[in-house]
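The two complexes that follow have chain A in common; it is paired with chain B in the first and with chain C in the second.
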Partner chain A sequence: MNSKKKMFMYGGVIGLAAAILMRFGNPGNMGMCIACFWRDIAGALGLHKAAVVQYIRPEIIGIVFGTFFISYLTGDFKARGGSSPLIRFILGFFLMIGALVFLGCPLRMIIRLANGDLNALVALAGYVAGIFVGVQFLKKGYTLGKNYEQAKIAGFLVPIFALVLLIFLVVKPAFILFSTEGPGSMAAPVILSLVLGAVVGIALQRSRICTAGGIRDMILIKDNHFLWGILGIFAFTLIGNLVLNFGKINIGFVDQPIGHTDFLFNFLGMALVGLCSVLLGGCPIRQTVLASQGDTDAGITVIGLIIGAAFAHNFGLAASGSGVPTNGKIAVLIGIVFVLIIAYSIVADQKNKSAKKSKGVSANV
Partner chain B sequence: MSKVVDARGRSCPEPVIMTKSALEADCSGIQVLVDTHVAVENITRFAEGKGYKVNVKEYSEDYEINITME
Partner chain C sequence: MNEKYCVVTFETVQQSLVFEKHLQQNELTVKLMPVPRQLSSSCGTAAYVDCKDKERIKSLCSESNIIFDEFFELSQDKKNSWFLNHLKK
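So, the complex of A and B:
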C-alpha cells in the first residue's frame, strides 16, 4: 500500500470511531473531540463549575494508553523535554480558548463538516488562515528551542495521569463531578469509548497524523502526505454517519448540535487554534499523542489545554449553542494579539542571535 | 565532506525546515542528524520528493541521514 493510501486508511479508522461513538451515545458531532474531552475532564476534576460539561471521557484515557503501549513497543517512546515549557503552556491555554469559542478542536471541525455543519467550513477557513500566518513565522526562523533527554519517570507521568483518571472513572469518588444533563451526560458506554480510544491512539501514533501538520506542510513544503489522513477522517466520518447516524445528518448553518452561527468568531476562534498549533508543532490531537509517548513539553501543553478550558468556563468565555459571549470574543482577540507578540519576539531574538554569530565569525577571520 | 545539519532535539517541523534551507544553500548534498524516527520519516519523504537519494544510518540514540544528488 502506498503511503497516501495508508494515511487515508489511518484517518478512516479515526473517522469511523467517531461515527460509532456518536451512534452509541456521544453528543452530536462529538464522537471524538480532543478539546471538548479535555474540557469535560477539567470539569469532572472540579476545575470549572459548568455542570453540563463534566465527565471523565474514556476516549482520552484510551488514546493515552494506546499511544503509550504502541510507542513503547516500537521504540518511539522517549522521555524528553525542556523546550520552552512556559511558552508552550500559554500557547496550549489560548489554543483551548479559541477551540471553545468555535466549539471544537480541529478534529471535531472535520467531524462537524462531515455531518453537514457548514459553520465548520467557516472555521476551516480560519484554521487555514491561522496556520498560514504561523508558517510565515516558521519561515523567518521561529523556534521553541531544543529539547533534552529527561529522567525516564518524566515520560511516564501522562500515562500515570490517565491511569488515575481511569480509577476515578471506575470508583466515582464524591469529589469527581459527573454531569447529569447536557453534553457531559451524553456518552457512549465506557468500555466502547476506552477500546475505540485506544484504537484511535494507535492509529494516531503510527500515522503521526496532525490536522495542523497536514495543512502546514502543504503551505510550507507542498507535501500532501498528512492531508490524506485528514481526508480519510472526513470521508469515513461521512460514510459512518450515512450508515449509523443517517437521521442526524443536517446540511446547513442553523440548528447544528453544539455549534453556533457567529461567522466572525467561528473564523477567528479557529484562526487562533491554527496559529497556536503551528507554533506548538502540532494540533491538540498530536500534542496529546506526543504527551503520551514521553514528550513532557507536549505534557505541559496538555496541562495548558486543561487550565485554558477551566478558565474558559469560569470566566464565561466558552461559547454555547446560543452564541459567543462578549468575554469570549475579547479573550480570542487578546489571544491572537498575545500569541503574535510571542511569535514575533522569538523571531526577533533569533535574528539578533544569528547577527551576533555572523559578526563573531567575521571578527575571527 | 558534506555540510552537517544538527537537528537533534528539534521538534516537528524544524528538522525539515533546517534540511530544506541547507539544501537550498548547498544543493549537492548534506548530512542531517536527528533523534526521533518521525524526523527521519519527514526528512526522507521531503528529500526523496525533491529527487534526492537518502541513506539513513541508525545509532543507539541518533539517526544520521545522508542526502545526496543521484
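So, the complex of A and C:
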C-alpha cells in the first residue's frame, strides 16, 4: 500500500469512528471533537458552570491511552519539553476561544462538512486563511525553539491525568459534574467511546495526521501526504453517515446541530484556530496525541485548551446555536491581534539573534 | 526491496527553505517533504536529497553558513515495520 492510500485509510478509521459514535448517542456532528470534548471535561471538573456541557468524555481518555500504549510499544514515547511552554499555553488558550466561537475544532469542522453543514465550509476558508498567515511567519524564521529530554515521569503525567479522569468517570464522585440536559448529556456508551477513542489514538499516532499540518504542507512545500489523511476523515465520515445516520444528513446553512450561521465569526473563529495551530505545530487533536506520547510542551498546550474552554464559558465568549455573543466576537478579535503580536515578536527576535551571530563570526575572523 | 535514499532534517522550517533554495541555485536535487515516519514521530519538514551529493552538500552548507540538523541515509525496506522490529528485539 503506498503512503497516500495508507494515510487515507488511517483518516478513514477516524471518520468511521466519528460516524459510529454519533449513531450511538454522541451529539449531532460531534462523534469526535477534541475542543468540545476537552471543554466538556473542563465543565465536569467544575472549571466552568455551563450546565449543558459537562461530561468526562471517554473518547479523550481512549485517545490518550491508545496513543500512550502504541508509542510506548514502538519506542516513539519520549519525555521531552522546554520549548516556550508559556507561549504554547497562551496559543492553546486562544485556539480554544476561536474553536468555541465556531463551535468545533478542525476535526469537527470536517465532520460537520461531511454531514452537509455548509457553515463548516466558511470555517474551512477561515482555517486555511489562518494557516496561510501562520506559514508566512514560519517562512520568516518563526520558531518556538528546541525541546529537550526531560525526566521520564514528566512524560507520564498526561496519561496519569487520563487515568484519574477514568476513575472519576467510573466512580462519579459528587464533585464531578455531569450534564442532565443538552449536548453534555448526549453520549455513546462509555465502553464504545473508550475503545473507539483508543483506536483513533493509535491511528493518529501511527499516521501523525494533523489537520493543520496537511494544509500547511500544501501551502509551504506543495506536499499532499498529510492532506490525504484529512480527505480520508471526510470521505469515511460521509460514508458512515450515509449508512448509519442517513436521517440526520442536512445539506445547508440553517438548523444545523450545535452550529450557527454567523459567516464572519465562523470564518474569523477558525482563522484564529488555524493561526494558533500552525504556530503551535499542530491542531488540537495532534496536540492531544503528542501530549500522550511524552511531549510535555503539548501537555501544556492541552492545559491551555482546558483553561481556554473554562474562560470561554465563564466570560460568556462561547457561541451557541443561536449565535455568537458580543463578548465572543471581541475575544476572537483580541486573540487574533495578540497572537499576531506574539508571532511577529518572535520573528523579530530571531532576526536580531542571527544578526548578532553573524556579527560575532566576522568579529572573530 | 531495499532502496536507499537520503534526507536532511532541520530545526526550523525557515532553515529548510534556505537549504532548498541554496541547493537549487547549485543545481543539486532537492525536494522538501514531511519528515519520514521511520525518523520521527513529529510532523516537521525535511529535505529529500541525492545520497551521492552528501559531501558536496556538507561543504556548500558550511561555506555559506547554512544550518541543518542531521543528514540521514535511509533504506526503504518494505518488510521493515515497527511490529517486526519489536518482535526482533
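Everything below uses one rule, namely that the second predicted complex is superposed on the first by the 365 of 365 C-alpha atoms of A that agree within 3 Å, B and C clash if a C-alpha of one lies under 4 Å from a C-alpha of the other, contacts with A are read in each partner's own complex, and residues count from 1 in each chain.
As a convention for this text, a residue touches a chain if its C-beta (ideal position, glycine included) is under 8 Å from a C-beta of that chain, and two chains touch if they have at least 3 such contacts.
Note that the structure is a prediction, hence the values are computed from the model and not measured.
A.B. asks: Give one of first, second, both or neither to describe whether A:358 is in contact with chain B, with chain C, with both, or with none.
C.D. replies: After superposing on A, A:358 lies in contact with chain C but is clear of chain B.
A.B. asks: Between chain B (first) and chain C (second), which, if any, makes contact with A:19: first, second, both or neither?
C.D. replies: It touches nothing on chain B or chain C.
A.B. asks: Looking at the overlay, what does A:273 touch: chain B (first), chain C (second), both, or neither?
C.D. replies: neither
A.B. asks: According to the stated criteria, A:83 is in contact with first (chain B), second (chain C), both, or neither; which is it?
C.D. replies: first
A.B. asks: Touch test for A:91: chain B only (first), chain C only (second), both, or neither?
C.D. replies: neither
A.B. asks: When the two structures are overlaid on chain A, which partner does A:146 contact: first (chain B), second (chain C), both, or neither?
C.D. replies: Both partners, chain B and chain C.
A.B. asks: Give one of first, second, both or neither to describe whether A:297 is in contact with chain B, with chain C, with both, or with none.
C.D. replies: A:297 sits against chain B, while chain C stays out of touch.
A.B. asks: Quick one: classify A:205 as touching chain B (first), chain C (second), both or neither.
C.D. replies: second
A.B. asks: Quick one: is A:213 in contact with chain B, with chain C, with both, or with neither? Answer first, second, both or neither.
C.D. replies: Touch partners of A:213: chain B and chain C.
A.B. asks: With the touch criterion stated at the top, can you tell me which chain A residues are shared between the chain B interface and the chain C interface?
C.D. replies: 75-76, 138-139, 143, 146, 208, 210, 213, 217, 220-221, 223, 225, 281-282
A.B. asks: Taking the touch rule as given, give the residues of chain A at its contact with chain C in the complex, in rising order.
C.D. replies: Per the stated touch rule, the residues are 71, 73-76, 138-143, 146, 205, 208, 210, 213, 217, 220-221, 223, 225-226, 281-282, 286, 293, 358, 361.
A.B. asks: Residue numbers of chain A touching chain B in their complex, please.
C.D. replies: Interface residues on chain A, with respect to chain B: 3, 75-76, 78, 80, 83, 138-139, 143-144, 146-148, 208, 210, 213, 216-217, 220-221, 223, 225, 281-282, 295, 297.
A.B. asks: Taking the complex as given, what residues does chain B use to touch chain A?
C.D. replies: 8-14, 16-17, 20, 35-38, 41, 45-46, 49
A.B. asks: Which residues, counting only chain C, touch chain A once they are in their complex?
C.D. replies: 11-14, 17, 32-34, 37, 41-45, 65, 82, 86
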